[in-house]
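Shared between the two complexes below is subunit A, which pairs with subunit B and subunit C, respectively.
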Partner chain A sequence: MSAVIENHHDDHHHGPDKGLMRWVLTTNHKDIGTLYLWFSFIMFLTGGCMALVIRAELFQPGLQLVVPEFFNQMTTMHGLIMVFGAVMPAFVGLANWLVPMMIGAPDMALPRMNNYSFWILPFAFSMLLSTLFMEGGAPNFGWTFYAPLSTEYAPPSVTFFIFAVHLMGISSIMGSINIIATVMNMRAPGMTYMKMPLFVWTWLITAFLLVAVMPVLAGAVTMMLMDINFGTSFFDAAGGGDPVLFQHVFWFFGHPRSLYHDSASLWCCVSNHSNFRS
Partner chain B sequence: MILPAFGVVSAIIPTFARKQLFGYTSMVYAVASIAFLSFIVWAHHMFTVGMPIAGELYFMYATMLIAVPTGVKVFNWAATMWQGSMTFETPMLFAVAFVILFTIGGLSGLMLAIVPADFQYHDTYFVVAHFHYVLVPGSIFSIMAAAYYWLPKWTGNMYDETLGKTHFWLSFVGVNVTFFPQHFIGLAGMPRRYPDYALQFADWNMVSSVGAFIFGFSQLLFLFIVIKCIMGGKKATDEVWEGAEGLEWTIASPAPYHTFSTPPELPERSMA
Partner chain C sequence: MSDDPTQEVKFISSLLTPPDEYYNRSPKGEHYLEEVDEAVVIPVGKKIRFLITANDVIHSWWVPDFAVKKDAIPGFVHEAWAVVEEPGIYRGKCTELCGKDHGFMPIVVKAVEQAEYETWLAMKQQEALQVYETVGKTWSMAELMETGEQVYAQACQSCHQPNGQGIPPAFPSLVGQGLAIGPIDAHIDIVVNGKPGSAMQAFAAQLNPAEIAAVVTYERNAWGNNVGDLVQPRAVNALISSEE
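For the complex of A and B:
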């Protein structure tokens, strides 16, 4: 029994392993948070370089630096990398670092899965970036990959893009399930829901949102895959499908998942402001 | 991915205003409402695709409805700062810039939500300007704010405040110089996703490109600040910030490898 009690004291002296394997095998929420944040920063700079290619070309009218085909690949990859590679993993990294510390938990609820959900990402994005060096070039249909641009008229590398999106989706869903499980089960005694810091609340809600919409995205890219390789016509009017279906499916995922949900804050801000004055 | 940004800003503004967050409960319900509404507005991206008039009206009004909970949040942040003892360290600068610039992105979003207006704006640089205002000074600024705010807790060292402020002002100027002119060229009719454009758009495109390079290169300064902070610097206290509340400030800086192996006692004053 005494050994058990002493273990508690040892906790604070138990440090991380040394070397590369610390980062590969880690199940520690702080290490994984750090990995996510550095990964996201690298992607931020990568996507940023692409943005600078775009802006350098647009510095003056006319074509100076890049061919139009490559310009299209830059806009597409910039959007995909920034949304899925920079912003998203940065917030997951923050969640990993902060959620356990904010609710008084020793770690995330599912530490091994936490490790998997991070380490999928470098593979997913290596695959996505490798399309730049393939015959026919990287995806060039815009980050919203509307069919039929992304099916009938897509470069061959689109299949790699689809697989990369599937991997990102798996990573996101695992990360979200982990956050939900942590927040619901690992709060310190007395940390009721309405005492949780808002960062924890916003992530809990975001995690539910992601679990709901990522499978929709997976469905969209799977239908693309079928249309391209297996002769279906989900998005092909010639075979009885409907390209507009793609847009519905994509935006049902895309709106909650990404960015726009805040379309209209200034209206209220302005009216609030006048309330302040009156 | 803007919701966790709201959470970050809701942590930072009370600290540097040295007041409790105004309207905690309404904040929680506002976030939940935004999440719910975000599921039923998707076709506002597709107004020009062709849709029954009833559909366009529904998606227009549903989208505008998001203004209500978002307004609650902006109101609460303003009310939190109201008569607070504010100081403007780097995280607070990014957080305040978030509230202001994200709101500009909200205004252009509201313009885009109006169906007849959207027929003109659709697929122009105005859309590009809108979502970059939501994403860059929105999400990215909140991530930067979070990084500066919690870096002392993560590394045990304070970052260089002068360099941090320099990074903020370069980013702030860069972002606005990049994306504000895109509103103008978008309203004038420049389509997005083309490598070439008509001569009339040349001036503002040049301004926008200059801003993009300022913003881009100033992020290398951020990398330098983070590395410098990891290597050393003034030691951070456990609480780090004078007005900070929450369990993460009760543990040592840098945070030990394992924390809360036994559940903590909650502090007297709740975070709410």
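For the complex of A and C:
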């Protein structure tokens, strides 16, 4: 036996990193769930401040506090931040906490990807919020960003908005793949699909939907990018395109996303809890 | 301009509420932000077909009393219909977010008896005839500047701003730079044909040749732009006709 092995301590410290690095590097599903929930809460407050501006302006008829351009930026950013920054991360946060525990898994199936999915979000939303300080202002075309208001008539910052949406989409798709992989592979023995809690079921279905529809959103914003910067006419009738195509593509994403994702997860949270109580 | 100016009746319906009301400098009237200078006039008791389109972004033509809400989409024509039984004034609004002035574009439809409708139509045709004649006459600088200022306020200042400074980079300034002090032909061309792929639309269909000549002359000689030249409506008309 060599001295090296004799001097080796098997009981060196294993726990998480200390301080900030614990959160930056964490692969623990509960830590990441917590990050998602805090992020969601911060975005809720940010979007809430914008709602305050909107409501303060609408407190009385006539122009009171802000100019119409800025008002539209506030509603647009409020909608985007609430939908993509508050509601979606809140449900992903809950999924991170609950799904492994509900199916008896030690963690998510892809812990590093889990970390990556989360940490994309602060960058995406910093980019989105930075448009408020750009020349020409932030996106002002409503959270549904219908072309051509969001293409030909958009402020230059729309390109940053497009890139931010791409980042959110990447994050969402990776998060969804993770949930699918976890639910399909990491169930404890005996946890059959029919025994799986409703919350896990809805997330499994939602995750499949997200994997299917987020690329469609990415397609919509990419077509916008092409129309704005590379002379295509996807959404411009003058070049043979169709502004309504945008709405079809957008709602192919938006309809399942808003209705099934948000409401299915929400109602299944509710039904789960009422089950426990009854 | 077609050879028979009475064939079609054209008008633009603009917000009538004075800015002082929405800037809270004067009390708000009864129809605050729901009044226009030129209402759409239709006869009662007849089936009216509305053809709806847009020339910039998507708007939506909504008159709740007619149960009509149709998107107005640039490059496409949507249709809707209504039979209005009661004469009166029917009000509506744009219901698709179309930019910063979305809250300032009401719809007013005036339903009148057939006879009154015909009087209105005759009056509009008479006006069209007058425009046709004014295009033929020779205008003075002062006349062009006066009309130009009005046209500018109604059709251009939402983007290029009342002082001509625009909101760069989205909407360029017209003061002391670019086409407004450059070659006049290019200046007329951008107003007549717009600039494809930008928010600067073609105004040939929306403004008559006299108005285009006036607004171009105005831009070249307002806000310290002292180019000193002018363009006659006749020349603008010739240009538009040659392109048709």
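A few points about this structure:
Definition applied: the second predicted complex is superposed on the first by the 243 of 278 C-alpha atoms of A that agree within 3 Å, B and C clash if a C-alpha of one lies under 4 Å from a C-alpha of the other, contacts with A are read in each partner's own complex, and residues count from 1 in each chain.
As a working rule, contacts are C-beta pairs under 8 Å (C-beta built on N, C-alpha and C of every residue); 3 or more make two chains touch, one makes a residue touch a chain.
What you see is a predicted model; the values in this text were computed from it and never measured.
Once chain A of one complex is fitted onto chain A of the other, the partner contacts of A:L45 are limited to subunit B, with no touch recorded for subunit C. In the superposition on chain A, contact of A:P61 is made with both subunit B and subunit C. Within the superposed three-chain model, A:N229 lies out of touch with both subunit B and subunit C [touch as defined at top]. In the superposition on chain A, A:N72 makes contact with both subunit B and subunit C. In the superposition on chain A, contact of A:A237 is made with subunit C only, not with subunit B.
Looking at the shared chain after the overlay, A:P155 reaches subunit C, while subunit B stays out of its contact range.
In the overlay built on the shared chain, the residue A:S130 is in contact with neither subunit B nor subunit C.
Residue contacts after overlaying the shared chain place A:G142 against subunit B and subunit C alike. Annotation for subunit A, partner touching more residues between subunit B and subunit C: B. In the three-chain superposition model, subunit A touches both subunit B and subunit C at residues 61-63, 68, 71-72, 142, 244.
Contact residues on subunit A toward subunit C in their complex (touch as defined above): 61-64, 67-69, 71-72, 135-136, 140-142, 146, 148-149, 152-153, 155-156, 231, 236-238, 242-244. Listing the residues of subunit B that touch subunit A in their complex gives 1-8, 10-11, 21, 24-25, 27-28, 31-32, 34-35, 37-39, 41-46, 49-50, 63-64, 66-68, 70-75, 78, 102-107, 109-110, 112-113, 131, 134-135, 138-140, 143, 146-147, 150, 154, 178, 193, 195-199, 201-202, 205-206, 208-209, 212-213, 216, 219, 223, 246-248, 251, 255-266, 270-272. Residue ranges of subunit A in contact with subunit B, taken from their complex: 8, 11-12, 14-16, 28, 30, 34, 37, 40-41, 44-45, 48-49, 51-52, 55-63, 66, 68, 71-72, 75, 82-83, 86-88, 90-91, 94-95, 97-98, 100-107, 142, 188-191, 194-203, 205-206, 208-209, 212, 244, 247-248, 251-252, 254-269, 271-272, 276.
Put simply, subunit C touches subunit A in their complex at residues 21-24, 28, 32, 56-58, 71, 73-76, 96-103, 167-170, 196-199.
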